[in-house]
Structure formats: C-alpha cells, structure tokens
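Structures given as structure tokens follow.
In what comes next, chain A is part of two complexes: it sits with chain B in the first one and with chain C in the second one.
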Partner chain A sequence: MWWRSPSFILDNRQQQPNDTARRDALSIPLSSPLPPSTTMADPNPNPNHKISAYYQTRAAHHGVVSSDWLAQAQAAVGHLPEGDDDASNNDQGAPSGKPFSVIDEFNNWRKQPDLAEAVAAIRALAAVIRNSQATTMMELEIELKKASDSLKSWDTTSISLTAGCDLFMRYVTRTSALEYEDFNSAKTRLIERAEKFGEISYKARKIIAMLSQDFIFDGCTILVHGFSRVVLEVLKTAAQSKKLFRVFCTEGRPDRTGLRLSNELAKLDVPVKLLIDSAVAYSMDEVDMVFVGADGVVESGGIINMMGTYQIALVAHSMNKPVYVAAESYKFARLYPLDQKDMGPALRPIEFGVPIPSKVEVETSARDYTPPQYLTLLFTDLGVLTPSVVSDELIQLYL
Partner chain B sequence: MDARRGSLPVPRVRQVGFFTPNAQPAPTRSQSGPPDSSSPPLSDSPASNSLSPVMIPPPRHHSDNLAAAPRPTSPLPVPEPSPFRRRGADNNNALLVGSYNPAETLLAMSPSSSHVGDGESEETMSGGWFRRSNSGKLASSLPSGTFDFSPVQSTAEALKPNKVQNPVGISAPKEQQPEAPSSSKQPKPKLTKAERRALQESQRAAKAAAKAGGGKSVAAPEEVATIKSVKQHQTQKKDAPQVAVSVAASERKGGDKSQEKERRKDAPAPRMQFDDKSRVEKAKRRSVVDQTEAKKRVELFRHLPQYEHGTQLADLESKFLQLDPMHPAIYKVGLQYLAGDISGGNARCIAMLQAFQQVVKDYSTPPEKTLPRDLTAKISSYVSFFTQCRPLSMSMGNAIRFLKNRIAKLSPSLSESESKSSICTDIDRFINEKIVLADRVIVQHASSKVKDGDVLLVYGSSCVVEMVLLHSHELGKQFRVIVVDSRPKLEGKALLRRLVAKGVHCTYTHINAVSYVMHEVTKVFLGASSVLSNGTVYSRVGTACVAMVAHAFRVPVIICCEAYKFHERVQLDSICSNELGDPDAIGKVPGRMDVNYLNDVSNSGNLQLLNLMYDATPADYVSMIVTDYGMIPPTSVPVIVREYRRDHLLI
Partner chain C sequence: MPFFIATDSFNNLAVTRYQGHCFAKDLSAEGFRTTLITDSAVFAMISRVNMVVVGAHTVMANGGIIGPVGLNMLALAAKQHGVPFVVVAATHKLCPLYPENPVVRLNELKSPSDLLQFGEFSECMELAPDSSACVLNVVNPAFDYVPPQLINLFITDIGGHNPSFMYRLIADYYSADDFIL
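Now for the complex of A and B:
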C-alpha cells in the first residue's frame, strides 16, 4: 500500500524552503535515556465522555468560530506560529528527568495545528521505538503495541487516530526478514520504516492536492462542506496554479467550520459564497462538483465525516453532480458501518443561542456515514480511487 | 505544473471489481474472441445454423480445412461451412475409433452447448457426422454441395475486414489485408502455401499411420488422408478465391494453435450441457449410477440434468458389491448425497474431503504408475461419481481443485507414505482453516453487528447463520429472530427448533409473508452456496427474493460465506447454472390430502413442474459479505478470489 504511494508526483516540484526547514526540525531524533513507563496505567486523559475528544482537538486547532468570530479572524491572521511551535517541540522533545510517555509525546506533536492527529500519533510511535530500551524484537513489539493501545484509548472517537496507529503497526512490524538480523540493525530498520511512514503521511496532503488538480477546471463551482485541511490544500494549490473557480462554503454548524474555510479562501482571492447548511439543495444546480474531506474512510468505500455530508451527497447524487472526497490513506479504517447508527458515537455540544427546555432532546452526534454509492471518487495519496478500491487496499494491507 | 498537466491529460482512476478495460481482448480467457471473428460467414449458410460460431474449435492441422474445402464431385464451388463440418466429422471419427481425448471431445461438443433450445437441429447435425465418419468417400452425399454459393461468398468478403482485426498471433499476414479476396493477388502466396501444405500433408499422413499402427483404427485414416490430399491438389487451382478464404481462416487458426492449447489448459472445463445428446450418451455409458431421464423436462432448463428421482438409490445399493474400483468411503458419501442425508455446502464438502482422505490412506500406487498422476485420475473418477449422485456445488469444486493442486505439487522425491501423509494433512488443514476456523471468524465478525433490540431475519437454514445467532445469544445480546421458510424443503423448521431450544425469541413465517414482516426487521442474515466474482450470491432458492424485499425496505442484507466458496465465475441469472430438485416435491403437499388438484393432471403433457434449488442474488441487494477475511463489500469479492488463489498455492 505505502510503497505504491504516488509520492513521485511531488518529486518534480521543488520543495518550499519552509517545508524542508520544518521537516528538518521535525526529524531531529528525540533521545530519552530513561526507561519507558507503562503507559497503560495512565488514566484516560479525556474523562468527559459526553464530548468527543476528537472534536475538541479539532476545535482547538481550527479555532472554533463563535459569535464574535470576526475578532478572532483578525487575530488569526497571525496564526500558524510555526517557528514557535517547532522551538517548543524541540524543547520538549527531550524531556530529561521525566519518564517517556507516548501520550506526552503525542500531545507535543499534536500542538502543531498543521499536523493531523494521526500523523502526530505516528510520530509519537516512532519516538517510542527510538526511546525503547527493549533488547528483543518481541519486547519492542509488545511495547509498541502498548503504546498504540494507550494512544487509541486516549481518544476512541477519532477514526484516523485508530487507523493511523493500526497502519503504523502493520507497516513497521510487518517484515519477515527481521528474525535473521541482530536486534540493533533490526531496530534501526524499524526506525527507518517508521520515519518513512511518517514522511509519507506528512506528504500525503500535498500528493492529494496534486492529484486532484486534473479534476478542477476553469470556471467550475465547487461546493465544500466543513473545514478540511486536505480540501483547503487542494483549493489552495488550484488557486496557486491560476485556476479560475468559485467556491460555495456551507456554514458548518455547530462549530461553524465553514466560516473559517471561507476566511482562508478569501485570503487566497478565491471567490467564495457562504451558504447556510440548509441551502445546499437550493444552490446545488449551480454547483459543478462537491468536495469534502473525511474523518475516516471505511471498508465499504463510504466515508464518515462531519454531520451534513450525507445529505449533501444525497442531494448531489440526485442532481448527478460528482462528489469527490479528499482523504489521506491513514484514514482508511477497518470499519464497516451498515447504517448511520452503526458507529461509535461521537458527540459534541451544540449552541443554539437560546435556552433549550430540558424536555427537548438534542441530537448531538457530530458525524454521519455516507455510503459508497453516493461518492464518485476518492482522492488519496495512493492515487485517485473509486470507492470499491478502498476495500482492495485494506484487504491487501491487513491480510 | 502546466507541463505536468500536459503529460497527464486524462485523470487516472483506479477501479476494482466490474468494469471493462477498453479494447483489451483478454486472450487467455475463452474461445469467444478470435474464432468468432472468422466465423460470421458461416452463420449465413443454412447448413451451419445450429453450430454456434463462437465455440468452433481450431483445427489441429491446416490440412484439415484444406482437404475438406474443395470437392471434386461437386460442380459448384463448395460453401464455407464444410471445413468446419469436416472437422467435426474428424473429431467424431477419432472418438469412434477409441482414442478418447477429453480436450478434443470438449471442444467438439462445445458448439452445441452454447445453444439451449436447439436439441433437434443438433441431432440432425450429429447424425450427419456419424454418417460421414464411415469413410472419406461420402463427400458427394453432403448436402452442402447443393447450396448456392454466391451469397455466402459475398458475405464472406463483406466481413473480411472484420477478420483482419483478429488480435491474436497470425501467421499469414498477406491474407489479412482487406483486399484479400481479389484473386489477382493470390498466385504468389499460394505457391508457398502449397509447399507448406505438402509438408503438413506428409506429417499428417505419418501421424495417421502411427494411429493405424496402434491397432485402434476402424477406417484406414491413411487412405483417407491420401485421398484428401489428391482431391486438394486437383481442385486447388479451380476455385482460387474460395480456397483463399478458407486458407486465410485456417492459417489464422493454425497460428493460434499453440496459444489455443495453452488457453485450453487454463480455461476451466466447460460444464456438461445436458441438452447435448451425444455427450450425454457418452457420459451415460461411463456412469455408474443408473439414471432414467425425466419424461417431461422443463424446456428452459434442458441443459441441466433432469432425472427421475427416487429410482437410483435402490439400484445403486444393489450394485454395491459389483463396483470394485469404487472405494467404499466414496460410495457411502455418494449414497448419502443421493439420499439427501448430507446437505448444506459445508457438510457436503467436509464429507467429500474426508472420503478422499480415506481413499488416500488406503491407496497404493499400482506398478509402473506414478502417484500424482494415478491418484489424480482416481479422484477425477470419484468426482464424476459424486456428480452423478448430485451435482457438485462450487465450493466442492474449489476444494477438489485445491486437492488436485496439492497432489500435482507433491515433490517427486517423497516416498509414497510421505506423500500420502502430506496429502492427508493438507486435507485436514483445508477443513480446519477454510471451514472450521473460517466459520469461527465469521461468527466473531457477524455477531459484532448484532445489537441489542435488533430484529434479525434469516431465511432457510444456513449453519453459519445459525452459529452467528447462537453466539450472539450466548453473548447476552437481546434480539429477536424471524425465521422465514419456504416449501418444499422447510429447512427453517429445523433451525427454528434449535434456536427455540436455546431460548432465542423467534417468529416463524413463510416467504409469502416476507414483505409483511420486513418493516420491523433491522438486519437480514443470509447464507450462501457460493459468491461469484461479480458479487452475485448463489444461494438457496428464495434468497434473491428476500434480499430484494430487504433492499426495497432499506434493510441491510448481510451474507455470511466462507471464502473457499468464492468462485471466479460470473453469473447473471440463475438459469444457465442451477440444480433441479424432484419436481414431484412441489406438486404434492405431504399431509394435505385435500390439496390434490394435480393428481390427475400430473401426467398431462401440458404440465411441467420446475423445482429449482438455487438462485442468484445480484450484488446490488447485498450490503455486506462476512467472510473469514473480514467484512467486505460485494465489489471486493474479486480481490479475495485473487488473494485466495495465491493462498491456494501457499498452503
């Protein structure tokens, strides 16, 4: 799966100096001489089960747009303080005197707003291997397993976190030649693979942006839903290559992520129109294609994404508009929901502005499942796939 | 960036499952490709109407065609079909003289097999073949000489450009040009061809002589060959364009020959088509089980075996002591199939494999034979015995293929006892890994989909589905089961009994009421006899109906099926491959003496009773297939088939 990644598409393109600088900063080895602690004993840092930790993180990263979002948007101009982040990372990267904990490591990486949760987890797991004091492969593998389990239990609602950890385990530990080498070279090899995996995952967004350029034509109108960093990257790349297109942004209640996206797009001089979520069908006839991101891509080829994606896909399907999904391959999960309720719940609070009587029930689910028959294509870092190929990839990876 | 866009004008999209890659004429697949293109002229001639052009076998010698094409006795140029009929005669001849070559017969028979309803014309054709096979001198008695030639030829010419596009290796490029029929261009290539022909003639004569030396020949083929060659040389110059046409056809086929052979090896043997009289005759002669054909056969299903039920068992039992080549274990399992004591895909497959294991244990290689070859032949004969008892399911076909593969792959350095024990362990492993453990994995996966408060609908009796229900019940999940059943087997009652005994809350209904109960159902669990690579589920008759109703009610349909039952075949309907049950079973209702409307009319010629055993559910109605590889969408069946095949070799 990963070795077939069409990352060659990036090779032609000279890397932005900013990127390389950051990657260098990231790949500084983190060495902790202290023995690792069993992180399984850690209490779940997210005791509030009413609210999905995944969406809390997203809210923190994307700056939930509240009613005074304009003021925040002004402040957000100075957003992405990369230098600061990297510096703090490097400071915390080698915590001396404190036992190494994969959760801490993960939280360090997670602070970077541009880094997806799964990639942060992958980097954290790579750090586990590096810091490991294990002397046998088996020991190392058990340690890795524990670390990944604790990461997964940190937030059970995040599909990409779980899938990313699983994929990392498969990718890193699946090598039959390991038994024949001595432990140190095997470990070096594991670290190499782990870093390569992290690298691929990190590059994924750019690969997707490049692959999807063929589908955006001049004069098209694109409907986007919610805020997805991949979709933003796609649109950014299209705008940078001087394509003329128009974007309709849904509002994205309740955390109004669409407002943030429209803000970002306006900065790129892309014509943007903001719709309330219920105006999708009304404006669908003007739309040429629908672009959405995904929280997770499931085995049927369908996606789990922010609430409202399913109905947009349904409307688009009934009007014969293509629905494109941009998703990194670390979001491919071994899940198979049969219907909307057949998923682990991910809840988040909804603000209505007025007090709601206690007798009134509120649907607080944060995401829905879009079946594959309503999706046209998936843009992933493995290439442009039809929904049915997702299962092919998953089978090949896990079997 | 623009440069990159230029290099990639068409977006590349990866697909899986069912799509047609444009203009790739998969040459390894079937005979329907290349031979098709050369046959259109044939279909216009009345004599060959019943021969399916698609399945015409390639000649084994160029001279086959050449010898037959021109006829000295006929005053008119002879129409095209004759070479093919001629070839048919040759094949039959070969069969009559006893050199039974399965590949040959398969090919010779396959033309008719593609037609379902033309039994009569087939008969006349084969009659013709037999007559002609007596000697080479009967050429003048052929009806073909009387046909008007010109329209045939004109169609041949019109269709010439079609032939040219034949994608497979071609030996005579000159004939391939669209203007080939013009006779002015012929002389030069003809000379070289004449030489080639002479060479081939001599080879053929030598071969025929060898055959005759074998002492099996009835008619002297040597003579026939020489007569033919003489004829050919005489007539060659007379009707040059006509010869050119047939030469073009034959040369092309000759070029195909080696590829054709490989293709034949790869392609699965075509199934027996029971409307093919001559082949059925032959099969009957070899068969152990004495079956009388049903008097009234359902027209649309003539290609399936339709025998009188209930007669074979007693007959076979009486034969028990005479059948010395048959192993008793095989015999026992065959009888159990016949009597219906063993039913259900897994049970039948396990019984068969265990019988084979017994055979292998008791096997000793006869002198001057090798174990892999002899044992494979033995197993093939046992398989045909099983087929006579009851048509094999596709899963059993897969298991047999696995077993034969293992036998063929045995290392020659192993001693006999080692080989035998290796085969036995392989069989054990197959049963364990592919059936027992697979079921356990399926149960794990499927019961994760059962939630509290669910209403599950099941149809018929599938052992995996039953295990899923019981396991979910053991896990303490609160759910209700609706068992849907259908006549005549009423297998659901047994399932119902077992479920109720375990304390599962059940509802029992017949398939007539499925649309009534469907609105309260939350999930449908179904078993399958096999899953085909377009996602079609081949299962107990009625499954398609249940799945369709569930789909209409937006209820997810979950198929539980072990991966060894997946088959690479594609099937679009349930007509071309099916199994017919006892027709009387649907005519009579046991225990209801008042339902006797059919008693006096059941012998009437107007009434045909059809008791189908299986049907095909389209992939659209299936939400998910649970296999030992996890939960997959029906579009991913080809992926599993691909992986699983590799697995076959690895085990």
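Now for the complex of A and C:
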C-alpha cells in the first residue's frame, strides 16, 4: 500500500511516448474522417490498450455527448454497416464466404445498450458452439477456448468480461453430456446449457431487483453512484410497487453518469437530487443507504467499481450507513487486489473543458477497489450475501 | 473460582422483570460468587469484567443477534473496553433473515405497566387538559439488535464459530426455498 516506485521518473519516461501518441489521436478535429488506426482487423476502436474500451463503451452508452463520444460515434458508424453484413451472412447459414468471427458476433450483441457486456460475450460464445464445424468434443472445446481467449484479449481491463467467459466455459462443459457417444446430441446438450446460462445471466437483474425490495422501506433516502443498470432495475421495481423514497445521485465525473441516471429516475417520478461528487459527505447524514453496482466482485468480498465508490463507502462507513452492492454472479472474478494499484490499469481520458499545461499530470484511472469491510450486503442472483460469503460462492462457481 | 455479575433486567421474553434477580439467586445456589448490578451500572463495572456471556433470542443471517433489550448497550460497553463478548445460542435459534429487513426490525413493544403503574399513569393523563392525547409516552421495547462487529464468538451445539461463519450454518440447516416464506 505504501509502495511508491522510487523510479517514477523512469515510469514517466515509459509513459511519455504513449501519452504523446494518445494526445495526437485525441487532437484530431471532429470534422476529419475516421482515424486511420481503426481497421476491420482490429475491432477494438482504440488501439491504445491502456485506454479501457470497456469504460469508453459505457461512456458512449450512458454519458452525455462529449467530444470523445462524438469521435467514437463516428468510428462506430463507420463499422456499423459492415457489422450488419457479417450478422446477416452468418444467419443465412454455415457455408458463408467469411469465417465466423466471435468478435463480430460479440460486437453485434454489445451494441444494445441494455445488454451487459458479459451477457453479450456469453451469447457470442453460445453462437460459437452453434456455428462450430467441429466433429469431436475435444475440437469443440478447443474452439471454445480460442474464442473465449480472443474475447478476453479484446479488452483486458474488463473484469466482468473475463469472469463471464470463464464461468461460461465451466458451466457449459460441466455436464455428463460430454460422455455421450453421439457427438450431435452432446453438442445439442451443450447448446442448451449455453442458452440457459445466457438466460440466467439475462434474468439476473430481475432476480436481484426482487431480492432487494425488502431493504427499501417507505420514506428512505438512497444514495446512488454510477450508472448501474442493475441498480436502476432495483429502483424501477421499487417505484412500480408504489414505494415512497427519494434518491441522491452523484454527478459521476467524468462520465456524468448521474445526469443520465437522474433522467431515468425522473421518468419514473422518483424524487431525485443531484450532488456533485464532493458533496457526498455533506449530504450523508440525510441518507439511509448507499446503493452501487459493481464492475467486478473480487475474492475478498470487495468490489471494483467506478472511481469514487471507495470514497463514498468510507464516508458511509464512518457514519454507520449501510452500503449495498447489486451485482450479478457472472461478475465474480478470481482476483485479490491488495491495494488500489494492484489491478490492471483502466484509464479513461478526462476532459476538463480548458487546456491543461502539459507538465500537469492527470489521474485518469476509471475504477477503484472497495475493501469488504466497508460493504454491508451484496445482492446477487445467488441470493443476499455478506462480503464474507463471496469467497465461498466463488469456490462453488469456479471449482 | 469464577465470579459472576448478573445484571438486573436480564430476562427471557415471557416473564416480567427481576429475572436478573432470579438468575443471581440460581447462580448463588450453585455455589458461585455473584454480584448483582443494574443495567445502568454496566459501563461502570465493565472494566472489572474479563468476559461477557449472553444468550440470544435469535441469530440473524449476518451474524448479528436479537436479544433482550439492553444487550446492545452491554455489547458496546464490552467493545469499548476490549472485553470478549460471547453469545451462547443453539442452532435452533438461527434465522435466515437479515436485520435490515423491516419485518425483522419491528420491535415488539411490551406493556408499559412494567415501567409505570396505571394509577400513576392516569395522574399524567390529567396534566394535559385540552388534548385527548396524553403528553407522556411510555415505550417498553422487548428486543435489541446487536450487530456482528460487536460479537467475538458464538458457541453453538456444534462448536464455536465467529459471526461471519453463521451464514454457513443457515445454509446447512435451511433450504434456499425456505428463506422467504
């Protein structure tokens, strides 16, 4: 935790060439055509792997229009017709000229803003099984493994993607169907399990919403951080069952998730108050509970979530307010961060609206780690869990 | 030879107060040196105590307990002075609910006559001539919730465990379908 590299100058030197490359890419004016670095060969719209595509997508789906978003939208529009062609080609049948690409299938699913990234990956992997030309079980498993690896390497910063792929592999192959002599029936069984896993993951949000209804009582004040579709589902269900509550949303710089969330909640007639991120401690005494989603749940029972979650959990803990986390079970990852910097970097460029002198560094990490002692309960599709139960559930899921 | 200190209103659900007195009498009948104190004297005497042993009405899914009123105060005093707080509870007391659930949080309120005789109460009624509602409110809650952070050890009929383990016993003894009836 206290480790600081004594050679931060060296680190800086290593970073600088990347930074200059990145700044050049970002300074391309909006009116220019597609940046030349995006090609079909590398479907990840941002070839600089330090910038997390996961967070870029989330911003694209949920953020207010910013110049980054516009650039991305242009890139996406450039991809869209080709993406559709691929999909239609695949649907028409097996003997298509283009080989089946799991990344393309994944991108198709991912474009729907309501679908979680891991669920899109699970559906893409299910499609791999369906479209596979393998004749033996070993071959099929190898194909699946390759597809899963390529999905994982598409964005190494996304925890739920990695965890979702791993869990899919285990769920699907952990069946006695693999002992069948007849390959086709075994394959059918695998497809069934894959679809079922996809269904479970898709329905996870509804289950979580149902479980958390007991904890929202009439007249309560809920503080929400980040735009989590699960938390939105929870609040939607509570509003629809005519519960009276109000919500405080943090602004959520730089993605401005709070603005989007407050929009959605206003549509449900839920009283919403927007807070800037710094106003959380100021308003914490009026709050009855804190609700956040998670990008990943780690082995210690802590969570990895949007930057600012740790801060809010600390404040809530010091004032004895419960912190509830809503996370689907496919987000449980085999990770154990020991401190904030112990995870792979996931950087998200922040724009301040005014030019910053080049000597000034900006902390661009998009996520932080909240240790389990600051969390009260986790709502998952496996049930309501205390943080100490997470490692147990992880063992059951993975082994 | 252990010394025991029994507090005044240490009581089980159904019976009136002075259970602490009965318990103190039972203990001295067994031959233990017992000291009886009131609930309010807990903080004053806690520094003389090596260990706190209590029973519970229920054990919740997060490892907290529901016990007779006044238990939370005792647990806080013990925590403040670093005294181990041990709960003795058999597995039939396990409950799969969480205390944040409002159904659980509704405390049972017992008859206020334990605190204030009806005769004295009727005198207070006359003090507010205009309103029909009495200015004096008497509340007699039956239960207290003690959070798991204040509990050091659970002793059950199948062994000693720490509070973060209690969920496992619940999963062993309750089917997931029976959590919410």
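Just so it is clear, the second predicted complex is superposed on the first by the 313 of 399 C-alpha atoms of A that agree within 3 Å, B and C clash if a C-alpha of one lies under 4 Å from a C-alpha of the other, contacts with A are read in each partner's own complex, and residues count from 1 in each chain.
The rule we apply is simple: contacts are C-beta pairs under 8 Å (C-beta built on N, C-alpha and C of every residue); 3 or more make two chains touch, one makes a residue touch a chain.
Computed from a prediction, not measured in an experiment: that's the story for all the values here.
Peer 1: Going by the contact rule set out at the top, does A:S132 touch chain B (first), chain C (second), both, or neither?
Peer 2: So A:S132 meets neither chain B nor chain C here.
Peer 1: Tell me which partner A:P322 touches in the superposition: chain B (first), chain C (second), both or neither.
Peer 2: second
Peer 1: Look at A:F217 in the shared chain and tell me whether it touches chain B only, chain C only, both, or neither; answer first, second, both or neither.
Peer 2: Only chain C; A:F217 stays clear of chain B.
Peer 1: When the two structures are overlaid on chain A, which partner does A:N263 contact: first (chain B), second (chain C), both, or neither?
Peer 2: Touch status of A:N263: no partner.
Peer 1: On the A-aligned overlay, A:Q112 touches which partner chain: chain B = first, chain C = second, or both, or neither?
Peer 2: Neither partner.
Peer 1: Which one hits more chain A residues, chain B or chain C?
Peer 2: Of chain B and chain C, more residues of chain A lie in contact with B.
Peer 1: Looking at A:N305 after the superposition, I want to know if it touches chain B, chain C, both of them or none. Which is it: first, second, both, neither?
Peer 2: neither
Peer 1: A:D392 contacts which: chain B (first), chain C (second), both, neither?
Peer 2: It touches chain B and chain C both.
Peer 1: For A:S228, using the defined touch cut-off, is the partner it touches chain B, chain C, both, or neither? Pick first, second, both or neither.
Peer 2: Touch status of A:S228: no partner.
Peer 1: Where on chain A do the contacts with chain B and the contacts with chain C coincide?
Peer 2: On chain A, the overlap between the chain B and chain C contacts is residues 214-215, 377, 383-386, 388-389, 392.
Peer 1: Considering the complex alone, what residue numbers of chain A touch chain C?
Peer 2: 214-215, 217, 322, 376-377, 383-386, 388-389, 392
Peer 1: Note which residues of chain C are touching chain A in the complex, please.
Peer 2: These residues of chain C touch chain A: 61-63, 98, 100-103, 164-165, 167-168, 176, 179.
Peer 1: Please output the residues of chain A touching chain B within their complex, sorted ascending.
Peer 2: These residues of chain A touch chain B: 9, 12-13, 210, 213-215, 241, 299-301, 334, 336, 338-339, 342, 372, 377, 383-386, 388-389, 391-392, 395-396, 398-399.
Peer 1: Quick check: in the complex, which residue numbers of chain B touch chain A?
Peer 2: Going by the criterion above, the answer is residues 1-2, 4-5, 8, 11-17, 449, 451, 523, 556, 558, 623-624, 629-633, 635-636, 639-640, 643.
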